[in-house]
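First the structure, which I've put down as structure tokens, then a few questions once you've had a look.
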Amino acid sequence: MGRYVARRLLQAVPLLFIISVILFVLMQSIGDPLATMSGRRPTRSADRERLKRQLGLDQPVLMQYVYWLVGNDWTSIDLDGDGVRETRGERKGVLRGDLGRSLKKRQPVLDLIGERLPNTLLLMGTYEMVVLVGAVALGIYSAVRQYSIFDHAVTGVSFVLYSMPIFFIALLSMYLLAVKPKQWGLPYFPTVGMFEPEAGKTVPQVIWHMVLPVLSLSLISLAGYSRYMRSSMLEVLSQDYIRTAKSKGLERRYVLFAHALKNASLPIVTLIGLDLPTLLGGAIVTERIFGWPGMGRLFFDSVSDADTPVVMAILMMVSVAVVVFQILTDVIYAWLDPRIRYE
Amino acid sequence: MERPLLLDVADLQTRFHTPEGTVYAVNGISYRLHEGETLAMVGESGCGKSVSMMSILGLIPIPPGEIVSGTARYRDRDLLRMSEEELEQVRGKEIAMIFQDPMTSLNPVLTVGKQITEMLQKHMGMKPAEAADRAVQLLEWVGIPDARRRLADYPHQFSGGMRQRVMIAMQLACTPSILIADEPTTALDVTIQAQIMDLVIRLREEVGMAMIWITHNLGVVAGLAERVMVMYAGFIVEEANVDDLFQDPRHPYTIALLAALPRVDRRRDRRLKSIPGAPPSLLVKPRGCPFAPRCEFVIARCQSEMPPLELIAPRHKIACWVDVLRGGSR
Amino acid sequence: MKSKWHFVLWTVFLVAGLLVAACQPTPTVAPPTPTQAAVQPTQPPPQPTQPPPEPTQPPPQPTQPPARKVATFIWTQEFDTLSPLYTNMWFSTTTFELWQCAAWLFDDQNNPFPSLVTELPSVENGMISPDGKVITLKLRDDAVWSDGEPLTSEDFAFTYEMYVNPANTVASTYPYDQLEKLETPDPQTVVMTFKEPFAPWMIMWRGILPAHVLRPVFEAEGSLNEADWNKNPTVGCGPYVFAEWESGSFARFVANEKYWLGKPKIDEIFFRFVPDDASQIAALQAGDGDLGTFIAWSDIPTLEKAGVEVVPAFSMYNEGIYFYMHPEKGHPALQDLRVRKAIALATDRFSLCTDLLLGGTVPAATDWDQTPWNDPSLQPWPYDPDQAKALLDEAGWVDSNGDGVRDKDGVELVLDYGTTTREIRKDTQAVLQQQLAAVGIKVNLLNAEADLFFSGYGEGGPAARGEYDLFEYSTSPSQPPDPDTADWLCSEIPSDEYPDGSNWQANCDEELDALFAKQRTQVDLEQRMATFHQITKHIFENVYWLGLWQDPDTWAVGKRLKNVKISGATPLYSIMEWELVE
Amino acid sequence: MSDTTEALSAIPQFAADELEAPPLSLRQLAWRRFRRHKMALFGAVMLALLFVYCFGGALWVSEDYANYTDTKARLQAPSVSHPFGTDTVGRDILARTIYGGQISLIIGLTAMLVELVIGVLIGALSGYYGGWLDSILMRFTEAVFVIPQLFLLIVMAKFFGGKVPNLTLLGRTFSGSVVVVILIIGATSWVYLARIVRAEFISLKEREFILAARAIGTPARQIIFGHILPNSIAPIIVSATLSVAAAILSESYISFLGMGVQAPTATWGNMLEGAMNYIEEAPWFWIFPGTLIVLTVLSINFLGDGLRDALDPRSRVV
């Protein structure tokens, strides 16, 4: 197993290299980070020229990539524009943990991500928990009560939810749970932010503000996951070994949880393994609608500003996470299913 | 000498409601099993043998399955009227069942030890350590070497025959009074088949339990069972002591079956091809004798009316309008 | 449940997230009591929460400390950074009047008044040399930083040094790069020597760097790029002191006990970052915010209904359309004044203002509208489609092939009209397309994200490269309130050789060029104004730019705020005087 | 997995063998399974109605009317003259949903085609030839797979933004962004398809009839497109159907974020842009296009589900 993981990690290196090259090339043309740097006016030509030089954007793409990857502290750069490379570079490069600095916010990208990541993890972690618990419960219940009214209702509703764009659910839930109750003088959910400034960032406040975004996020995924769980559970329940377990006089509940769930959760593990790493990137649309200060908003705002170091860092971070989680999924899979052995 | 009655099944009817239509799987079968007795149930694949057994143990998924009628009295209690909780006390402890395919019948993600001990813990109230010791004994009993180490193994680490031994050990863990063996050797290699049969026969003697052996292979029945029931399309068409059945078959279907079996100890044929035609669709509500279309003795009445299972000789029942010995209607 | 691992994993995630999220300081601060020292600016302490005053609570007695007054400002964009060196972003620079100090400020009429200087330099008082090249500043001697250090000419010198030092990746070196040298003969005197007479000198010194804090940082790190102060400017010199800023959520500024002009009347300014206009409007309506910015014209009635006052502040921004007039690459029709004039006459900018902008503003005549630099006689072109048609006919653009679009010499009068993706601009495009179609001009609508739209020629910016025949955005000629601009100079036309040029309309008018060069050195206000009247008139009459609407910054002022005055150039200049009443 | 197959698999294993039915051709069988799938029929009918709405509606309402602005009538609530109300410049939302729907549906279909071409090509080449070509193509596939689609869509939308000029087709002018959106959706969504096709090819290429074809010297191109592809068509059809729904959703996401299709071309997605600002003031502004998106996607999902049961009952992708 150790060797397998090591080999997979090794294989991931060229993959991540390819990804970083593709992304870096894309980054060259997602907009002009200097265009809006001067506030509301297009940037002055002299400043544009100077900033390009100071930020290293005047270098050939290949050189920029090298600086991004391994840093430029081994060479000198020209800061004052006299054509002489006089100053030692300061960047360490991604390989040494330096994700560069935001062009717009002028801070290390790592700091920016560090500020937003906890918020995203909180939102998305809660969401993933809600979805998992909900989907497993719903999936098992519908599978066990196959063809009951409940099962039909869940199937129908999940089909509809599954077909909804998340912004539509978000808008609807805002309208029905915040705007309308407020008009009617009923208690209503907050729609924006993580907490009321007056109340401060307290745990109840944050939970209260998390309700609508988590709801909007969860409903769609819940629909997909629970259908998946249901069919996976149905398949497992029709297996011979479940019949065996029942024939042994084991309790229904015990059969369900000790015998069926572990098998049924195998395909779900793959799904989660795909889902989890993308959570790091946050929920772009949801965070935007509900003003949640997370990674998704950081990503979208950074794309809008063509703040390429931030965009690049987030994408690479998510990519690394996806790759790592793929390996992790395999490991967990092997743990859950003893039939699987890697070398 | 009549041994005490253990299981009395009467008029069992099981159906499945599928999108394709209703499947008439078991159509009112009745039989009795006495203590220590071995009963064989013979029939082609899909004639309702397994369903009839699983029906009485409540292993039919409902829906789509439905037990339309019948009783199954086990020691004066009707299994079909029991609550799920009561049934759980019977299954595995009183009536155990081993299945056809040992590859799929053991849970692949749980260790063998776990699958045996969970049962002992549930039915015998054993502590985990105690149960583990008992499991080792059981595995040794069914002939698995190095049993203690193998408790931690998963089913896929066993060969097919060994797996079936595990299955048997597991199902006999609580010394049940009835063992239902649902074609336990079908999926195994021929050499292994014999070993398993010998094992089961040995264990039957040691435990002194009654047994219902389900098979589509008349050949295996001879050395094993005392009585034989022949099933066709959800009906029992003939029931007799094993010697009577082989020497004096009275139902046209049984006769055809035996005719397709040149010698008892010979290797089985997979399909009984020599009976013309195919078994009827179970999707059609049975009207008349289901074997009629393939029967060489068919008479008009067969098409319209299902013959009841009637005693025609001591301990010999058939469901047929025709007396095949004399020809013509009985 | 036997999937223990994800349960464990998520519990860890959730707990960690909650901890990190909740353990951060709460955003409210205990009221300063008389015995308590001023808020220590170097380390903003998270302090216990003071509950907001209960409605049932009796009015504050003179013996009791009055309730803390916290005003909430709604910001639809977050600051990028707070250092004056590194930002030109409006939402950042607007905070400067809170925690920074300036040599002079501009009032709600955009008239300058002295702040750090004792008097405004002029030729009359001798502080501007007759040749306009040397300007002397006399500083107040009582100005101090929030940590008590005096604010001196040394800080001015340091600021200048930092702006022009190539080690610092500053947002813009302008206008400090116009200086030849800066001298500080004594702590209260700054002498600036320019290379050329520099008329727009008043756009300087809006933010000063604390030399005593930042010089050691600069010496240690070689630049200020990574200085913590940029994000955490705990030492300032304004009426408020920076307290904290949580990314994506809020920032707080508390009253500066050591402010050299006294203590402001509101105890704390709380900035709340909301993601979009809708959230801002909702917060303002609900009274959750006391001040909002850039209110869409269409939202004004809603706010006014809720008792929120909308105050326009003229910062020299006007929404308008530029014509791409490159003699070779541009559309031939646009070279003809009659066509440009026809476009002006064919577009109903008046109903655009009344309907789309709900009467919040009026059409602009020139880009200098609502400033003294604009020729006061200029009125927006009227809406007269018939005359527009006549002009087009006269110019030879007629629909000769009957396809509904005018043409001339085989060239169809089809124009590409580009702008950013802002909703109001897209809406305007749709309306104008219809109106121009009515006079036989076909318009293709194009949109690009703001950063793409404003990209330079070298970066493939569509406006800069002349991919649009008409391009619309809102701009001010220069850094308000100065009227100077380089956008009309022939030398600024971008090309492969000079990709950074800012004359994107590629309009080279020698006469205009000369006028712009002239005003730039006119340090005398009257003379310069006269030149500008010529400039504005020239641009207007040649229809080089078509004003759509005056685009002052719209400020929403909630019911609780009193005595609010807002300037276009330095918006929060009078924050000291603002009051908060319940 | 749908209800029918679930029902069948829920019966203990022997039941499937027990069922005896008159032999049916594959196509008859597929049609029977599909027809029985009530939700799939509902989806098909609904989809037909939506097509009639979008393309038939164009006979009643002109595009000029859909783009006709009336600044005096902005944000009017639904009424007889404007059954769905009007938008921020007074355009009729009903008419715009008709023309926007055309674009949304066209984007869904053409993006699927782009996806199909890329996915089938990459999957087929890599499955058929194997070896180093397979390695390279699969690394590339993996690279695309690793970056979440919405992230990639946003980046690519900015990458291509404004680079495609408007085009005129059949007398109508389309924003160049339509082409951009089609291309980027197609270019980011082919990964699954490529994997499916590759797997099919790997299993089919060793089959006798392919070996036979090879033995008689049939050119590779013909084996790939003439022999293997037709035999792996079922999962491709199912996947393609579902990807139309996915493409319509993707379009609505990036348009909602303001990076998708630009004016003057309406789509259901970009009609929703800025909806947040009118959530309270003008709910009709977002409810109608939003509902149409949901209906379309729902219908296609139903249809795809039915098709899967009919054509490819073994596949178990949800």
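Which chain is which? They are A, B, C and D, in the order written, and residues in each are numbered from 1.
Please note the rule applied: a contact is a pair of C-beta atoms (placed from the backbone, for glycine too) under 8 Å apart; a residue touches a chain by one contact, two chains touch by 3 or more.
Every value quoted in this text rests on a predicted model; they were computed, and no experiment measured them.
Asks: Compare the CA centroid of chain A with every other chain's and tell me the farthest one.
Replies: Of all chains, B has its centre farthest from that of chain A.
Asks: Point out which chain occupies the most central position, where each centre is the mean of Cα atoms.
Replies: Central by C-alpha mean position: chain A.
Asks: In whole angstrom, how far does the Cα centroid of chain C sit from the Cα centroid of chain D?
Replies: Chain C and chain D have C-alpha centres separated by 44 Å.
Asks: What whole-Å value do you get for the distance between chain B and chain C if each is reduced to the mean of its CA atoms?
Replies: Roughly 87 Å, centre to centre.
Asks: Could you work out how far the Cα centre of chain A sits from that of chain B, in whole Å?
Replies: 54
Asks: Where the CA atoms of chain A average out and where those of chain C average out, how many Å apart are those spots?
Replies: 34
Asks: If I count partner chains per residue in chain D, which residues reach a count of at least 2?
Replies: Touching at least two other chains: 3, 7, 10-12, 158, 161, 276, 279-280.
Asks: Which positions in chain B touch two or more other chains at once?
Replies: In chain B, residues 54, 61, 64 touch at least two other chains, as defined above.
Asks: List, in ascending order, every residue of chain A touching at least 2 other chains.
Replies: In chain A, the residues touching two or more other chains are 29, 31, 146-147, 237-238, 240, 243, 258, 262, 288-289, 306, 336.
Asks: Mind pulling up the chain D residues that touch chain C in the complex?
Replies: 67-69, 71-72, 74, 88-91, 158, 161-162, 166, 173, 175-177, 258-259, 262-264, 273-274, 276-281
Asks: Considering the complex alone, what residue numbers of chain A touch chain B?
Replies: That would be residues 146-147, 237-252, 254, 258-259, 262-263, 336-339 of chain A.
Asks: Within the complex, which stretch of chain C touches chain D?
Replies: Against chain D, chain C makes touches at 276-278, 281-282, 296, 298, 302, 351-352, 355-356, 416, 418, 421, 423, 426-427, 429-431, 433-434, 444-449, 452-453, 462, 467.
Asks: How about chain B: which of its residues touch chain A in the complex?
Replies: My answer: residues 54, 57-59, 61, 63-64, 84, 87-93, 96-97, 99, 101, 104-111, 118-119, 122-123, 154, 156, 167, 170-171.
Asks: Within their complex, state which residues of chain A touch chain C.
Replies: Touch list, chain A to chain C: 29, 31-51, 54-55, 79-81, 87, 101, 104-108, 112, 115-116, 118-119, 121-122, 125-126, 128-129, 132, 191-198, 200-203, 206, 257-258, 261-262, 265, 268-269, 272, 288-294, 297-298, 304-306, 332, 335-336.
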